[in-house]
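Below is a structure I'd like to ask you about.
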Amino acid sequence: MSVQQIGEDIHGWARDLFPVCRSITGPGVRDTLAYLTRLMPGLATHAVPSGTPAFDWTVPDEWTVRDAYIADANGRRVVDFRAHTLHLVGYSEPVDCWLDREALDRHLYSLPDQPDAVPYVTSYYRRHWGFCLTHRQRQALGEGRYRAVVDATLAPGMLNYGELVLPGSDPREVLLSTYICHPSMANNELSGPLVTAAVARWIAALPARRFTYRIVFIPETIGSLVYLSRHLDHLRRHVVAGFNVTCIGDERTYSFLPSRAGDSLADRVARHVLHHIDPDYRRYTWLDRGSDERQYCAPGIDLPVASIMRSKYKDYPEYHTSLDDLQFVTPAGLAGGYAALVAALQVIETNTVPAVSVLGEPQLGRRGLYPTVSIKGSGDAVKTMMDLISYADGNRDLLAIADLLDVPHQDLHAMVQTLAAHGLVTERDAGYRTADGGAAGR
Amino acid sequence: MSVQQIGEDIHGWARDLFPVCRSITGPGVRDTLAYLTRLMPGLATHAVPSGTPAFDWTVPDEWTVRDAYIADANGRRVVDFRAHTLHLVGYSEPVDCWLDREALDRHLYSLPDQPDAVPYVTSYYRRHWGFCLTHRQRQALGEGRYRAVVDATLAPGMLNYGELVLPGSDPREVLLSTYICHPSMANNELSGPLVTAAVARWIAALPARRFTYRIVFIPETIGSLVYLSRHLDHLRRHVVAGFNVTCIGDERTYSFLPSRAGDSLADRVARHVLHHIDPDYRRYTWLDRGSDERQYCAPGIDLPVASIMRSKYKDYPEYHTSLDDLQFVTPAGLAGGYAALVAALQVIETNTVPAVSVLGEPQLGRRGLYPTVSIKGSGDAVKTMMDLISYADGNRDLLAIADLLDVPHQDLHAMVQTLAAHGLVTERDAGYRTADGGAAGR
Amino acid sequence: MSVQQIGEDIHGWARDLFPVCRSITGPGVRDTLAYLTRLMPGLATHAVPSGTPAFDWTVPDEWTVRDAYIADANGRRVVDFRAHTLHLVGYSEPVDCWLDREALDRHLYSLPDQPDAVPYVTSYYRRHWGFCLTHRQRQALGEGRYRAVVDATLAPGMLNYGELVLPGSDPREVLLSTYICHPSMANNELSGPLVTAAVARWIAALPARRFTYRIVFIPETIGSLVYLSRHLDHLRRHVVAGFNVTCIGDERTYSFLPSRAGDSLADRVARHVLHHIDPDYRRYTWLDRGSDERQYCAPGIDLPVASIMRSKYKDYPEYHTSLDDLQFVTPAGLAGGYAALVAALQVIETNTVPAVSVLGEPQLGRRGLYPTVSIKGSGDAVKTMMDLISYADGNRDLLAIADLLDVPHQDLHAMVQTLAAHGLVTERDAGYRTADGGAAGR
């Protein structure tokens, strides 16, 4: 299937899941996981009860919302959760009361600078209720009395998440983490879990998978904390690279946010891949972080988790508003994000430390490795092959050599296969490190 | 007392000491030390006899000057030491003779490019006598005979210096060194010993002093050589940071000159503090050195001594002339130098290696560490606190974290205290190194 | 003898050797070696039979050419090897046949963009014959039949090379390698072996030689492979620095190409010397390589071989054409290249790790090391001497100090001798490393 077609598929899945009211807990998460399970039959879902501790945190009560609206004195719904899930502040407590315009206003959220956008507001850890609306809607609300109804339940329940482990021949793991806790928005977040699902399907279909892939679909922050608290030792012993997948569906740019260490395998691979997709990709620093890398890279956890993104959260105008929709996120944007992630995983899968087997330069001519037909660019290929051989000293991995030569890793990987077939190069394991400093399972 | 008031006090002390004829030995040094002892009652004074070896050097004879002048044929003093101490070449040998204008001229020093300035000239290690005057004065001297009188003694005596040790709970030491060997000039040198005296009074008044402070008031070069030759082993085992205090009283700029190593604690702290006072402070290199760091940082001595200055010696037009006076050096200039040094010592005193106590991000909300009132900038403080926590991995000192976040160390120190009070962060000793490579007294 | 005169001498030798038809084997190489032996009486010549393996390569058949031409129907030679050796494709197989204009054309090589240049073409490892001519010549060839004659032999024979070892008091070696396999061209290549010969004569005349010098005159690529395959262990144990000498005779620029490691002694010395000859010298990278450093620096060989050049091969329009002649290469150009190489060897010979013998700054005055007459610049010399002393901490070699102070190594070397004579500085061996990691013979 073409990458273009995959982008179309992902966009279709996003249209299915867009209306679902996700939050950090509740039926929207379960519905989303059920949909994802259809895409990835091996996906296991887990439920963790409210009150369960996770490091410094506690799983909150579950939030279920059935209906919510503001009606005017005539009973006409002027703000209606059924029209857009963003209209209700996330984790709003139940209410049913009449208020005058001024009292109501203290429960309203809008954006004067973006008067046609409904903002996204939550209040997970402080009891509160509220409604979000466009600034134009708000200004159109006349004096008079209004009825505010939130038909919701906030009560002990479950936190749900999904987990897919695709074992490879090597017990060392690559972690993909993405979140499923935002209501109807497209780049942040539906692009994350759905591109991840497409990547997971690509991994599952790999004819010979080298590493083990651990793919988790969790609510942001509390979900990663819960997951880490349950699997920390295993992850520190096995994860050699990880990516937090978010904001990966628009066409505006490519972005990179490093792990806390900044020079892990995930960082090196992400920089390499993005450089060859778009040399002008946006570079962020650890100080710009804002998603689950905050937990994965925290001191004492220290997982090598970086982010390959398109327009980064907090840094595009549509972020956390109703404008972050499926117009902004496109099949082409999703396809680009998918391709970047797949390219990164391909580098990780195929990377080795090559060593030339002969002393001095090998004579490529008598092996037919010089181009026989002189087409434009063939000289460059021979030069690249000789450069590769000159750096194949058994001390650098192929990724480092690719960066020295400024050529895509996959091009060098193909050359290494050719050279190895001629007995000119041997490869050894790239020796990826894990957070506990060892080379797990080796 | 306000820093502004401290600047006024220092300027008053400078006015008292300005007329004193200091040199590397002699009564001017003793008078200055006596004045300093009134400012710092614990100051101990030491006397080292002429002829005492100090590494490659020897303490010179002591120089006492009672009077000096050039008189014309009518007995009128045309150049008079009593008018300005700079008029006499330092360490001039005694003389009383009549010379014609031409012969006299060979003993005169003036600056054609600065015709209203009296230059500062010395001849410590070659027997000589001479007078300094403004170029206008010199040009006004007519033909005829002149009497040159230097009523002085050059004879075995003493080299004097002052030493103040303020013990802390930790035997590791911070060294402050400043010199008292220049006659009536304000930036180079009175700003040095008098800002140091003010800093010493601040240290002495600290309610809980962590480190031991060793503060020396010495004649430049020969004084530091003498001091080092007497205390080298102790200093190499105990000094974790040092500052040579000079040229710290004008308002024109801030300057930094590194230690020879360039990356010692003193260097890191000085750069940090100056960056937050004025990001455009002047950066000098070791090749620009010219004061006692030449001895403190010499091979085999290797003390971590840097310089925080205002206008650096040799790099302002008034340097080593009568224009370096108490108009050029101001209360505000002295206050700024004092504040920079105090800020540096505060960083050294309060610096630790912080480590977050929980896995994953702590939940600040339930501890009331999120701002309750949303004022402008409060979000920045929370972001800074989360950034601090993310880097508090037990591997970096707070100074390194402050530089990563580009915020003042004191702001982070306050946050660490808050976090420690909530049990979220522990601190360990920053592990400052000494020249002998150990962590003295630990 | 002045450097200028040496440049004239080298140019004279080049005029002698220019007409010789060198190739990777054959009588031209032997004639050239015979000429070189007259310049360097100690030069030993070696012969290696065709078919001898050298790592991944095999010594090819020897090529002997007696005559070659294209004649028109009237028997008039229109392209004649006797006019310029470049007219015959190197390693052309014997032929004597009549062809029409079109068939002939498939054996002709010319440069449309440089219509007055005869290109240099070889076919060492594929059987072929051909003629090179200017594009104007080619266009002037009318229709009709032509006779192509190559009176040559391609048969088992010998590969020849020259080797000169000049022993020093120290068994550690400096390698100079240059090639003798190109026909009538001046920068690439006659400048290489002939500047090397002049440098060898300078080395041989050194009154006290510290290091051992190994100087080889080889055919490019196959020659270095043969030489390495015979001496690899010895070279890896002894060579502390090496230079591949090529393209060192024109006046256009200076160029530097690093070893693969990039920071070997040879690299450091070359950069230092070139910086002080011309700060704007051209910097190339390992990716720009193209001569015998490809073999010397290959993985597992790892010799520290860099290149000091004037206009680098492949990067000047005359390269590999008849325009690379003795107008382009000049006495002044050759003298400049010679002087750069000699300066590099002088640095290697005289470099040590200096350590000041006293604590604190020494008192230069009482040793007469301060300038007694104040001439312009004398203060700079004292400052440089004090800077040198301040960095003479026994941890850096003089080359590193020279780079820190940005002064020529030879100036500091002279100062170190003066300081050592006064007992102020001691020197220890610079501890040059070899490819096998040891300090051979020490």
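Quick notes on this one:
In order of appearance the chains are A, B and C, and numbering begins at 1 in each one.
One rule holds in what follows: a contact is a pair of C-beta atoms (placed from the backbone, for glycine too) under 8 Å apart; a residue touches a chain by one contact, two chains touch by 3 or more.
Note that this is a predicted model, so its numbers are computed, not measured.
Shared contacts of subunit A and subunit C, meaning chains that touch the two of them, come down to B.
Both subunit A and subunit B derive from one sequence, and where they touch, under half of the residue numbers involved are common to the two copies. If you average the CA atoms of subunit A and of subunit B, the two centres end up 55 Å from each other. For subunit C, residues touching at least two other chains: there are none. By the touch criterion stated above, subunit B contacts subunit A in their complex at residues 355-356, 358-363, 365-366, 386-387, 390-394, 404-405.
Residues of subunit A touching subunit B in their complex: 54-57, 125-126, 221, 224-225, 228-229, 232, 260, 286-287, 289, 294-295, 297-302.
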